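Think of it as A, B and C in the order they're written, each chain with its own count starting at 1.
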Amino acid sequence: MREGVGEKVVPDRATIIFFSGDLDKALVGFNLATTAAAMGWETTLFFTFWGLNIIKKKRQVSKALGIKRKLFKLLNRGGAERLALSKFHLLGLGTGMIKKLMKETRMPSVEELLSICKGMGVKIIACTTTMALEGLTRDNLIEEVDEFAGAATYLSYAKDSKVNLFI
Amino acid sequence: MREGVGEKVVPDRATIIFFSGDLDKALVGFNLATTAAAMGWETTLFFTFWGLNIIKKKRQVSKALGIKRKLFKLLNRGGAERLALSKFHLLGLGTGMIKKLMKETRMPSVEELLSICKGMGVKIIACTTTMALEGLTRDNLIEEVDEFAGAATYLSYAKDSKVNLFI
Amino acid sequence: MREGVGEKVVPDRATIIFFSGDLDKALVGFNLATTAAAMGWETTLFFTFWGLNIIKKKRQVSKALGIKRKLFKLLNRGGAERLALSKFHLLGLGTGMIKKLMKETRMPSVEELLSICKGMGVKIIACTTTMALEGLTRDNLIEEVDEFAGAATYLSYAKDSKVNLFI
């Protein structure tokens, strides 16, 4: 919180652009988001490009949108359970390993972190430009999404934020 | 725009460091830059490391600078047409596919986005430290570059900006 | 520095989250950090996830923490000498090549940059959440670390900073 003479108390704000759909980056992003929310910050998460995978429903109904878009969707299947690490993925070891480590050290999963975020009032925005590129509708995304918007909306949130990160 | 009592109206500012030379990140970066410029923000793009590939001329005259630097140049050929996706590249599918999708959904190409940026007054800075590392001269970069500068210049722009992103 | 009427002069501040353990990103991060420090900025570096590798001691004593954590450590060996490029690594060419180029163009190494940072008063924070995930103790990290802390501490530094980057 910051206080000025004769001013209303305005909460601190943070925005995080989730560009990446990698598990490791998502974990760090959610950790920052829940910590900021716990400190009373107004926190906004903007999911774009691969990051949109994090907020896709697990099973999507594929619409008839041409073979290329279908192929893209196949490669780019969503659902927070499917996120992989940005490293070590070729070995096929890293992702399973880190999920087990997370369980052992009692770190919440991505699904749990999303749900914790919502419970703490963190705002979740889905990028409409990416949705158009992939041919996705609102029904393809999880119900936790608060807002469907583009870069102009993101900038209007980021403008008054103390911390803006692109992950 | 922000207005204070007895102050001049100062436009909002944004800076984006283009570290990555990946097509997907470049698209998101240019989308944010053109949106900010359209909202009247003074927008500055700082191209460093792999990001310098985005603003290289398509065919460069290779100078005699030793075999290692030549090899690095070969691996690191520039030109916005050559940018690849950060994911799916091994399959050789992703990049062509997304370019076709961009055409189908009438999203402008990276070359077009660079040109749109210039037309909107977005400032384009090339990182001189990266240029020295790669042995590049000003002639190797596209004519749209406004300024050749290093980290100190970047920080002087970022200092008064509301949104600073590293992509 | 910024000066206000009747206010104390407060130095500008910057924070950089070192999420990545890649050589190229580390170089750019340290270049920004040393430049900011040279300009009189209070600069804070927060090493998390793969970035923690940059500030690990070269030889770690492996504690008996179960096979998965040991395997993760093996894949994720620390020490600034081991950092690889985010690109071209499969060829096995890139990292050695860029290190030679750095030497030829007299660019300092990551070890030297860390030491320069310390000498300039840059604050180095190690992420305790990552340390817990990997089962690391303070003894596993280099002596240059100033503080062991989590996301709340990072946000308290970032809150009053003019430039906050995630690399």
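In the analysis below, a contact is a pair of C-beta atoms (placed from the backbone, for glycine too) under 8 Å apart; a residue touches a chain by one contact, two chains touch by 3 or more.
Being a predicted model, the structure only gives us computed values, none of them experimental.
Rotating chain A by 120 degrees superposes its CA atoms on those of chain B, with the angle stated to the nearest 5. By the residue-number overlap criterion, the interface of chain B with chain C counts as different, with under half of its numbers used by both chains. Distance between chain centres (mean CA atoms), chain B to chain C: 24 Å. Within chain B, the positions touching two or more other chains are listed as 164-166. Listed in rising order, the residues of chain C touching chain B in the complex are 12, 14, 24-25, 27-28, 31-32, 35-36, 38-39, 41, 87-88, 91, 93-94, 97-98, 100-102, 104-105, 107, 162-167. For chain B in complex with chain C, the residues that touch the partner chain are 17, 19, 48-50, 66, 68-69, 71-72, 75, 129, 132-133, 150-152, 154-155, 158-160, 164-166.
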